Amino acid sequence: MSSAASIQRKTVDVTALLVAPGVGLVLLLFLYPFLYGFLLSFSAHEGVGLRNYVKFFSTPFLSQTIATTLWISFPATVVNIGLALPIAFATRRHRLQRLLTAILVVPITLGTVLIAEGLLLYLGPQGWLNRFLLVTHLSTSAIHLTHNYWGVFLSLVVSGFPFAYLLLLSYLTGIDPVLPQAAATLGASPWRQFIHIYLPLLVPGLAIAFCLSFVQAFSVFPSAVLLGAPAGPTRVISIAAYQAAFEDYDYPMASAIAMIMAGVQLLVVVLILAIRVLFYRGPTVGPKG
Amino acid sequence: MRDGALTAKLWAGLIWVVIGFFIVNVFGLIAAVVVNSFATRWLGTWLPAGFTLQWYGSAWSEFQLDSVLIVTVEVVFAVVAISLLVGVPAAYALARRDFRFKRAILLLFVLPLLVPPMTYGIPLATVLYRLHLAGTIVGVILANLVPAVPFVVLVVTPFVEQIDPRLEAAARVFGAGTFRLFFHVLVPLLTPGILAAGLLVLVRTIAMFELTFLTAGPDSQTLVVALYYSVFAAGIRAGQSVDAMAVIYMATTLVWLLIALRFVNPTQLVTRVKE
Amino acid sequence: MNPSAPFSAAGESSGSKKPAPSGREQNFQQLRIEKISRNFGATAALAALDLTIRSGEFIALLGPSGCGKSTALNCIAGLLPLTGGTIWLDERRIDQLRPERRGFGMVFQNYALFPHLTVRRNVGFGLKMRGIPGNEIRRRVDAALELVQLQAHADKLPGRLSGGQQQRVAIARAIVIEPPVILMDEPLSNLDAKLRLEMRAEIKRIHRDLGRTTIYVTHDQDEALSLADRIVVLNDGRTQQIGPPEELYAKPANLQVARFMGYRNILELDLERVEGSFAFLAGSGLQLQGIAQECLTSKRAVIAIRPDDIAIEPAQRKINEAHPRNVIFGQAELVEYCGRDYLVDVLAESGVLLHARTPRRIVTGDRLRLAVSPERVLAFSPA
């Protein structure tokens, strides 16, 4: 690098400037609106202040959306990561792994709207799932999985599990396979290789996978409307924000809800990252001489 | 030893049962949509009474799919083109140079991917309304650029880092100017990265619901938003024509997904490339 | 002091407390490798390797990259399942055991140190897996770190160590579990030349002090020659020759081995006749007498001569001078100064290029007379 750097020193400023359009775009379209929304959230019809926030937290209909959203998104994230970790581990060197990843990528790319529509049909009272349960006598009456909590929860698993799986698989395959081999020659059984080698090296990846999975689940919107009970048990915070903005045209209130949403989200991210700091955070391949 | 082997077998069996269960149900829900889109009448039976193609015709006219598709193509390709044009040079600068505020800039590129689109989508929509851009195609494109540009930056940066800087030094030693260096050395070497980033942004933009939903007007809906409205308003229209539209949406996405999978690793769809 | 003392004492106490894979088989008689092979798809990476190793022996597996030596080592360690053959530790068959049940110590090419564990915990990992109590682990790890002179770095993470230090950690980690056999996969290949010599001596010293059976994979014949009691030369997955270093050096079994042992002059000539063990050859303007290494049946034969075995003196050939056998006239084409001596590329009058080594000072363009003793010209059948 040193020789290249000295040759290119003359042009250093020009090259660094290449980052400018990207930065400008994100500043203009992300940071500026975000700050604008932040300021807007403190304005109300009566002047500037915390009124919107006070209103949000003093109106159960609004403030409960935080608990509702967490109550759906947190278990869904735990289930997704909890399923994805052992499955990614078991299939990481399987000959069917490429096929499996190609299949699992389908629900991610189809997006939440299509999954919601599909689940409405599939899980509905006349859907194939209930038919199967009735025919096989696994259930005596149709089970209700749509227009309630479970519909939204299941839609989050359908789109979230493949996401978590692909993410964890990429972290797992990034761990140098010679390390568990070394552990094996030192007497570690496959289970202890997992506990003593894979798991500690996977902590950073797990933290990031959890955060990204949680962002997805926490921002649940279309499936909560289409597949849930948007007036009651699945009235998530996105719905409240959307209604404030596009049904009540109360942009300051909508901005306040968006800020609260971002705040809760970032709080969870910070919490996860804080836990991660307690663990090893270095390269996941052995040091090279 | 034998017990260990048995538990290992049981464990592996359990894993594949769970995978199988998941895949069967996902295909179940996709098949349900496809079957319904061809159904004449489907009430209380395993399969519909008969099959027809009429819903595709009615979906096409009812939902003005021709204009929706044109909008979708315009939005998606504009987003891909602009995000590559802006993101690739930024990725190059970030991979090659150390400068002040580099960490802050990296954080700036990661943040839009770390917070729910709703949180910046609503204020962004508000700003766009003030600028009279909300409800237009330009507004939709601008909103979709917010996650697309950082994604391109994060996907392409490792590709740039893989290119030996001595190659560029060599090209300069042999007399290539900046312009020639870029088009004769960097672009060919970066083609796999640019292709990967472009395809991934394309697939993600087709499926991006929230931002388009918040900024689109009646004339600037993409396929996914039109699909949402049609499902939302189900009951007014026949469910089959909604599903016909869903199948059209699915086909659009899957075609690009299949193309993408030829060039990129599935894991790149959810995260940036490592190494 | 004798560094091995704390080791053997600890080994006995742990062996009696907990029947771990290692410790029990330390006093084995021989490791028998019987016709082991390993295929990858249709290609045989290793074909029927047969080898009996006595306890305490130092064996080197030598060959170019891709010859199957690392495959062989991984098969012995249990990291790769065998396609055929068996492995026995005395009367116990071990080839179907998983690596963690074999209890062999292994030093990997890139060391494979656990990046998230300190040096102390890296070295103690194998003992922990064997359920050995903490205070004893501490004592044995200390002894091992002392053996490799790394006490001062015990609490660092491996990423903060130099290549040579990482290498020592890897060795300490493998020997602390007192394995019956230590496997080393090109352990010196990532070190620079000076450090490689130092670590080579270190490995030799540890082997002398602890007397552990060692199987050592390398592509460097100097390493194999200096370390091993016996060398196994592999090429294309097939065993070429097994024998002590001196034997391989003086009497390579075939051309492949000769090439690998530094016989740089390889020429295909016409075979004039065979008298007893001597072969008389001619061609390319040369007339040579050598020793037939195998039954020479065809009309052609390939000779192999080491640069060191060619004697050089400056000489001008007189016109019409008789051309005795095993004497070649030529001109120095290229001279490399190697410190102790010169490596000279000599262009013979007949146009053949020969490599010779001499302490005599030679300058490019010098006219030279080369001579080689018939005993040092090895004749093989053409491949």
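To keep things simple, chains are lettered A, B and C as they appear, and every chain counts its residues starting from 1.
Here is the rule we use: contacts are C-beta pairs under 8 Å (C-beta built on N, C-alpha and C of every residue); 3 or more make two chains touch, one makes a residue touch a chain.
Predicted, not measured: the structure shown is a model, and the values here were computed from it.
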Overall pattern in which the protein chains touch one another (line/ring/star/complete/other): line
Contact-richer chain pair [A-C vs A-B]: A-B
Distance from the mean Cα position of subunit C to that of subunit B, given in whole angstrom: 54
Subunit A-subunit C separation of Cα centroids, rounded to whole Å: 53
Subunit A and subunit B, separation of their C-alpha mean positions in angstrom: 15
Sequence positions of subunit B contacting 2 or more other chains: none
Contacts with 2+ other chains: residues of subunit C: none
Residues of subunit A engaged with two or more neighbouring chains: 189
Subunit C-touching residues of subunit A, taken from the complex the two chains share: 176, 178-179, 181-189, 192, 196-197, 200-201, 280, 282-289
Of all residues in subunit A, those that touch subunit B in their complex: 1, 3-5, 7-8, 11-12, 14-19, 21-23, 25-27, 29-34, 36-38, 40, 83, 86-87, 90-91, 100-123, 126-129, 131, 158, 161, 163, 166-167, 169-170, 174, 189-190, 211-212, 215, 218-219, 221-222, 225-226, 238, 241-242, 245-246, 251, 254-255, 257-259, 261-262, 265-266, 269
Footprint of subunit A on subunit C - complex, ascending: 20-22, 77-79, 98-100, 102-106, 108, 110-116, 125-126, 129-130, 157-159, 161-164, 166-167, 173-174, 177, 183, 190-191
Complex contacts: residues of subunit B adjacent to subunit A: 4, 8, 11-12, 15, 18-19, 22-23, 25-26, 28-30, 32-33, 36, 43-44, 46, 85-87, 89-90, 92-94, 96-97, 99, 105, 108-109, 111-127, 142-143, 145-146, 149-150, 153, 165-166, 168-169, 172-173, 178, 203, 206-210, 213-214, 224, 227-228, 231-232, 239, 242-243, 246, 249-250, 253-254, 257, 261, 265-267, 269-271, 274-275
